[in-house]
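Chain lettering (A, B and C) follows the sequence in which the chains are written, and residue indices restart at 1 in each chain.
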Amino acid sequence: MLAVQSLTRSFGGVTAVSDVSFEVQKGHVHAVIGPNGAGKTTLFNLITGVYVPSSGKVLLDGQDITGSSPDRLARMGVSRTFQNLQVCMNMSALENVMLGAHLHVHSGLLTGMLGLSRRADARLQEEAAALMARVGVGEYRDAHATQLSFGVLKRLEIARALAAKPKLLLLDEPAAGLNDSETHAMTALIRQIAADGVTVLLVEHDMKMVMSISDHIVVLDQGRKLAEGNAASVSANPDVITAYLGSEE
Amino acid sequence: MKLPVRPSLLVAAAILLVLPLALPNNYTMDIAIRVALVAVAVIGLNVLMGFAGQISIGHAGFLATGAYGSAIVATRLGWPPLLSLVAVALTCAALAWLVAKPILRLKGHSLTMATLGFGVIVNMVLINEVQLSGGPDGMVVPPLAVAGFSFGKLGHWYALAAVVLWCAIWLSLNLYDSPGGRALRGLHGSEVAARVVGIDVASFKVRAFVVSAVLASVSGSLTGHYLGFISPSMSAFTHSVELATMVVLGGMASTFGAVLGAALLTVLPQLLGGLHGYEAILFGLILMLTMIYLPRGIVPTLALRLRRAR
Amino acid sequence: MTDLAQFLFAGLTTGAIYALAALGFTLIYNASGVINFAQGDFLMLAGMVTAVLLKQQVPYTGAITIGIAVTVLAGLLLYRLAIKPAGNADVVSLIIITIGASIFLQGVVQVVLGKNQHVLPPFTSDTPVELLGARVLPQAFWVLGTGALLVAAVAAFFKYTLVGKATLAVAANKLAAGAVGIPTGRILQLSFGLSALLGAVAGIVSAPITTTVSDIGLMFGMKGFVAATLGGLGSGLGAVIGGLLVGLLEALVAGYVSSAYKDAVPFVLIIIILLVLPGGLFGRKSTERV
C-alpha cells in the first residue's frame, strides 16, 4: 500500500535520513524502530508531508504523494496521530473526534448557519461516541478536552484519526508518555485496529509493544536502514543488537 | 426529546420581548436599539475571532462600508433602502473575499496588521473622497422604509433591531454546532490537527471573514438608517478596537458572550459620560485585564466554572 | 531634480524615525515573540511629556531627560504588569494585551497631558540648509545622526556585550537559554526597556518636525511595524533598511502621486510584501517542528 523509495533528507550539513526504502503491505502493522537519533521522526515527517525530502519518493497505492500537504493526504485516506498531541483544547472530547469525520460530511458555513446540518450532526455525534467507546475512552464522552489526562488524549487522537475512516493509519510514538498499564491498553487497541482491516505504520521506542504487534519491522540507525523483517528475525539480528547495545569491546 | 428550537433561543426571544417594558424612557430605549444593532456586528466578528481565532482590528471598516454603501445607493441611485442593504451586504461579502484571500495566508500579527491596514484605508477613503462620502463632515442617511412602511418611531426600530439580533443569534448558534462551525473552531484549536483531518484551513478562514463582514455590513447599514447621519469616524481604528474588545470581553466563541460584550461596552461609556480619554483608559484596561485574568472572556469562564462544579 | 532631492531627504528623515520604531519592534519580537502594538506610543509619550514640561518652563535638556525616563518606565511597566502576568498566553492574547496597552497609554496621555497638538522647538536652528538643491531642516540631520548612532549602539550591544548576547540567546530559544542560567525574565524586562528607549529618542528627536499629539502613536507604530516586517521580523538590519524604504516610498508617493493617500502607502506595501515575500527582505526561514 505504501512504498518509500530512497528517501533522503539533509538539514544543512546533517543527513538525517539517507536512502531509506521499504514497503508497507495492506492490512499489516508495520513499525519503524531505531536508537535515539536514528531518524525515525524525520522519516515519519517525510512520509506525512511535514518535510519535503532532498531526494526520493513516497508512493501510496502507486500514486506519488511525496511532500503532499496534510489535507491532501487526508483526502487520500491517510490519518495520523502526534507524539506530543495536537488536540483542540478549545473543544469537548466528542467534538474533537467529530472533527475527524470532516471529509465525510458537508461542512458549508451557510448550511450550518441555517441549521440544515442538524441531522448529519446528530449522526456524527453517535458515530464519534461509538469510536470513543471503541478506543476505550467512552466514559469521557461528555468531558471537555482540558479535563482529560495525557493518556486519554492520546487515545482520543486515535479515535479522531479513525473517524476519518482511513485506509492507512500513521501513529507517531503512540506509547510515548504512557505508563505500563496505559501502554498495555494501547498495544491491545492497535492490535484491534489492525484486526479491523486498517493498515498501520508506527514509529515507536517501546520494544515490547513493537515486537508483540508488528508484522514487519524496519530498523533505522543513523539515518540508514539497518535491517528489516519480522519480529523474530529483527530481534535476533546481530547488527541490530549492536546498534542498540553497543558492541562488546 | 430534542426540541426543534433550542431553549436558549426561546429565552433570548422572551428577554427581547419583555425588555421594552423594563426600559423607563426613550433614552434607555435608544441605547437598547444601539446595543442590538452593534451586537449583530459583534456576533459576526465573534465568528472570525472567537470561532476561527483570526484577530481583526479593522472590522469597523466593514461596518462603515455597510453604512455608507447603503446610504449612497439609497440617495444617489434612489434604490429602496432594503434593496440597498442587501446589495451592499453582498458587495461587502465580495470585498471581504477579495481582501481575505491574500491576507489570511498570514499568521498571527501579520494578519492583524493587515486587517488594521484595511480599516485605515477605508477610513482614509471616506475622509478624502468628499464627492462620494461627504468627507469629514459626514452624510445624511434617508430613513428606512420598507414597502411603504416607514420606520420612524422608536418602537418600530426596537422591534426591527430585536428581530435582526435574534436572527443573528440563531445563525451563530446553529453554526457553532455544525460541521462547518466545528471546522472553524478546530482550526483555532490546532491548525495542525485541522489540516490533518482534511480541513482546507485557508478556505475556511476566508469564509469566516466573509460571514463576519456581511453581518458587520448589515449592522452598519441599519445603524446608518437609524441614526440618520454617518461620518468617517464610524470606520476609525478606535471603533474597530471597541468591537474587538466586545468579543474578547464577552467571550470568544460564545454567541451570548458577544451580545453581553456589546451590551456592557455600549452602556459603560454612557455611564461615564462618554469622556474620550477616560473611555480609552477603560477600554485599554479591560482589554489587558481580560486577556490576563479571564482569557476566555466572561461567559465561557462562567460556563467552565459551572461545568467544574457539576 | 531639486524636487526629487527634496523628497528623498524628507523620505530619509521620516525613514530614520520609522527605522528606530522598527528596531524597537524587532527587539521585543526577538526576545519574546510579542508584537508590541504600543511601540508607536513610546514615541508619542516621550514627545508629549517633553512638550508639556517645556510649557512648564522646564529647561529643554531636563525635559528631554524626563521624557525619556518616563517612557522607559512605561516600557518596563508594560512588561512587568501586562506581559509577564499573562504567562504563557498564546500569540493572540498577547497581541490583544499590547493593543490594550496602546489604547490605555493614549487615554492616560489625553487625560493627564491634554488632547492638544504640541510643537517642540528644534534642537539647533530653524533655518533650512541648502543641500543638493533641496532645503533640509537642521533637525533632520539630528534625526539621521541620532538614528545612525542608536543603530550602531544597538548593533554593538548585541555583538560585543554579554547582556546583548544573552538577549540573542533568549530570542533563539527561551527554554534553552533559561536552562543554561540566563535570567530570561530580566532579559525580557531589559528588551522592553530598551525598546522604549529607542522609541523615546525617536519620538523626541522627530517631534520638532512632525509635531506631537496623543494619537500620533498609532501611525508611528503601524509604519514601524510595516518597516520591521518588510525587513524581515527579527532582523535588526532589515528593520533599519525597511524603515528607510518605507520613508522614501512615502515621500515619493506624497510628492508625485497624492499627499492625501501617502499614509496608505505603508499599508498597501505591507500587504504586497507579505504576499510576495512572507519572510520579508532579510527574514529567516524557519521550519516548524511538530
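We take it that a contact is a pair of C-beta atoms (placed from the backbone, for glycine too) under 8 Å apart; a residue touches a chain by one contact, two chains touch by 3 or more.
Everything quoted here is computed from the prediction, not taken from an experiment.
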item	value
Chain closest to the assembly centre - both centres taken as Cα means	B
Of all other chains, the one whose Cα centre sits farthest from chain C	A
Rounded Å distance, chain B centre to chain C centre (Cα mean)	32
Separation of chain A from chain C, taking each centre as the mean of its C-alpha atoms, in whole Å	46
Rounded Å distance, chain A centre to chain B centre (Cα mean)	41
Numbers and ranges of chain C residues touching at least 2 other chains	290
Residues within chain A bordering two or more other chains	82, 86
Chain B, residues touching no fewer than two other chains	192
Residues on chain B engaged by chain A in the complex (per definition of touch)	170-172, 174-175, 177-186, 188-190, 192-201, 204, 207-208, 211, 253, 304, 307
Complex interface listing, chain C residues touching chain B	35, 82, 85-86, 89, 91-97, 99-108, 110-111, 115, 218, 222, 225-226, 229, 260-261, 263-264, 266-268, 270-271, 274-275, 278, 290
In the complex with chain B, residue positions of chain A that touch it	69-71, 73-75, 79-80, 82, 86-91, 95-96, 98-103, 105-109, 111-115, 117, 120-121, 124, 144, 160, 163-164
Parts of chain B lying in touch with chain C, wherever the complex brings them together	53, 55, 57, 102-103, 105-106, 108-110, 112-114, 116-118, 120-121, 124, 128, 192, 237-238, 241, 244-245, 248, 276-288, 291-292, 295
